[in-house]
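Each of the next two complexes has subunit A plus one other chain: subunit B in the first, subunit C in the second.
Right after this comes the complex of A and B.
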């Protein structure tokens, strides 16, 4: 069963009651909220996501709640809470949706140390994963969004979840938060991309969420083997360049772009070493999205032989 | 509609799950998925996920529980192992930074349990290194640490004064690369405390570890310090730390194997003026963890009990403050109990005039909506 099977009324009722269950890759989330505006957006943007079965283990119980204290009476605010605790300052009520999305990412990043969590976008073609480890602002979300609207499957735009048992990458195909100029770039790139409303003036500027293609969401339990590590950088006006990167440098860049490399200690070292061993490593500099997509497609095609 | 009775029964269920997990870990394999889900939530709140993991791992039962729950326990274990490595290394670095100094360093709480290989270290999250040193050496040690990569954390002048003039420790020192913190104590309780806290007897009784510069408190002092810390520290949101009471339970069970331990403990509590905290500690450890305490000890401490009406009140308040609430159904009376316990702790920590000034300063900050300094590293640790 998926969220889209429920009437909007049902979604709102679940959110206001015992919570709406939703599955994002390996995680079951239970969401509670009494905001009508949130229910409408959740119904729309989460429609293709599965609802975990009744007997499933819920990993995170999250909630959008009105803050306590005096300030609630003169400003409409909303708090993200997990298990009744609010780790962040309140948000203005208009930003409830992005607040929840960030909050869920925070839960994953701070609580999922059974996996190695790389800070990386991951896409897949024919069972092989291409990872884009990058610092914020290097354009990985934009590139990743363009790729998944060009025949690649989305594993994640934020988390490279590496399973310690076999080094495979687990999908977590969440909504992709595009920021500022990227929103229009993607609208121009694919006019049929499903993009939610723009939220202006958030802590990260203007944000709008892209829903991944249905195929990516349906195949959220199919892991992939890492095959390419590409370190992207968008530079205005730059000519496209895709150059091989020494593996030693790639290793350092993966290890330093991780949420919990240090926490996993020797396990993380071996996982990253194995990954770099199994991957061709490149640095990519681009300004034209179509060109970048073409070159990466050719890279994947060349590898088939 | 949530009735009071249904909220109470949900809370009781959550609390019972947690206590049963600690007291009868072998029975955990019988829990349903829904029970596990609730246990992971309250266990995280009480920072006991690592303990539950350690107990199951010891019995080879991690594979016998639902995968979803096992993953959260495994995640907690990863963080704990990492913190143990960090803390051990931090102590090593402190010794390096203080090379040439003959001042004995007494490791308090977590780092002490870890380096002395005591049972409470099992599955426990260690936040930072707490050191007790002679007061006259504080300035010298602080300077040496600052010269070797640690820095004084930026706090507002009010808080700095609060620490330096009234407290039992100086503001934390943080390492510029590793981010780990050291709390330097010169006594166990604030200078302003109503309870006595002269550090000399503790320093004199401390016991050396393998490296003769490192010490831990003597067994009775360690128990008493854990109790004083439990009842007099803490914050109104978190309440009293169940984790700290479990440390006391572990220490009591461990040291009880030594002859004369109980007699020494009672005598020491008398000498240091901590008979009341010991009375409370044994009472609630027995109630929650069925800690075996000799009847003679209970009888010897009976005169340390507060007057009957006060004891009846504490019997209501302390469990409310110690045990985590159901995460979706927190009860107002638990919040109230935590505030009362917090005010009581402050009452014992400082004289009324000072207390009024301090609490009104904090209330003023709260009213203006100034948020407490949120330390992201500490926040992350609380997720395990």
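Right after this comes the complex of A and C.
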């Protein structure tokens, strides 16, 4: 059963009651909210995502709630809470949806130490994963969004979830939060991309969420083997360049941008080292999305190993 | 630096904290090393890695060690700059990977 099988009113009732269960890759989330505007958007953008069985374990119980005290009468605000605790300052109520999306990412990043978590977008073709480890602002979400609308499967735009047992990368194909200019870039790149409403003036500027193609959501239980590490950098007006990167440098860049490398100790070292062993490593500088998509496709086509 | 270091480190050996090191190397003269005792990951150049590997379980004087390291690196005796050698020895000592023994005669 998927969210889209429920009527909008059912979604609103579940959110206001015991919670709406939703599965994002390896995580079951139970969401509670009494905001009608949130229920409508959740019904629209989460439609293809599966609903876990009633007896399933919920990894995170999250909630959007009005803050207590005088503040609730002074200004319309909403708090993100997990397990009853609110880790962030309240958001204006109009930003409830991005607040929930960021909050769920925060839960994954801070509470999932059974996996090695890289700060990386990940896409897949023919079972092989291409990882884009990058710091915010380097264009990984925009590039990733363009790739998944060009024949690649989305594993994640944010998390490279590496399973310690075998080093495979687990999918977590969540909505992709595009920011500022990237929103129009993707609208021009693929007019049929499913993009939610723009939220203006958030803590990260203007944000709009892209829903991944259905194939990526339906295949969220299919891991992939790491094959390429590509470190992207978007630079206005830059000529396209894709250059080999020394593996030692790639190791250090992956390890330092991991969410929990230091938590997992030797396990993390071995997982990152094995990933670097298995991958060809590149630095990508681009300004034109079409050119970047083409060169990455050629890279994958040329590698039949 | 050389004379000062010679007084300070008459002999050196691998420290207990250097047990279980995990090594990877993909590029010439660069080694990525994980140290379980400190949960730190280090990047060592060739001479630094060679010092650790040369010492293994042995106790060596600094002159002996430098000579062995030069041999391991395929260099001629005296080719390894003293400043670089002692800087590497100091760094490994700071990391707790080697131990210094002040009075060589006491342990030999």
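Definition applied: the second predicted complex is superposed on the first by the 304 of 305 C-alpha atoms of A that agree within 3 Å, B and C clash if a C-alpha of one lies under 4 Å from a C-alpha of the other, contacts with A are read in each partner's own complex, and residues count from 1 in each chain.
The criterion applied here is as follows: a contact is a pair of C-beta atoms (placed from the backbone, for glycine too) under 8 Å apart; a residue touches a chain by one contact, two chains touch by 3 or more.
These numbers were taken from a predicted model, which means no experiment stands behind them.
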Superposed on subunit A, are subunit B and subunit C clashing or fitting side by side?
fit
Would you sort A:251 into first (subunit B), second (subunit C), both or neither based on which partner it touches?
second
Check whether A:122 is in contact with subunit B, with subunit C, with both or with neither, and answer first, second, both or neither.
neither
Which chain, subunit B or subunit C, ends up touching more residues of subunit A in the combined arrangement?
B
Regarding the shared-chain residue A:162, is it in contact with subunit B (first), subunit C (second), both, or neither?
neither
Which superposed partner A:270 touches (first subunit B, second subunit C, both, neither):
second
Contacts for A:178 in the overlay, against subunit B (first) and subunit C (second): which applies, first, second, both or neither?
neither
May I ask you to decide whether A:28 touches subunit B, subunit C, both, or neither, giving the answer as first, second, both or neither?
first
Partner chain(s) touched by A:262 [first = subunit B, second = subunit C, both, neither]:
both
With both complexes overlaid on chain A, does A:61 touch subunit B (first), subunit C (second), both or neither?
first
Quick check: superposed on A, how many Å separate the nearest Cα atoms of subunit B and subunit C?
7
Subunit A residues contacted in one complex by subunit B, in the other by subunit C
262, 265
Subunit B residues touching subunit A in their complex are 33-34, 36-37, 41, 44-45, 66-69, 71-72, 74-76, 78-79, 81-82, 85, 325, 327-328, 330, 366-367, 369, 371, 374, 379-380, 383-384
Of all residues in subunit A, those that touch subunit C in their complex
246-248, 251-252, 255, 262, 265-266, 269-270, 273, 276-277
For the complex, which residues does subunit A have touching subunit B?
28, 32, 55-59, 61, 69-71, 83-85, 87, 89, 110-114, 260, 262-265
What part of subunit C is in contact with subunit A in the complex they form?
22, 24-27, 30, 32, 34, 36, 39, 41, 43
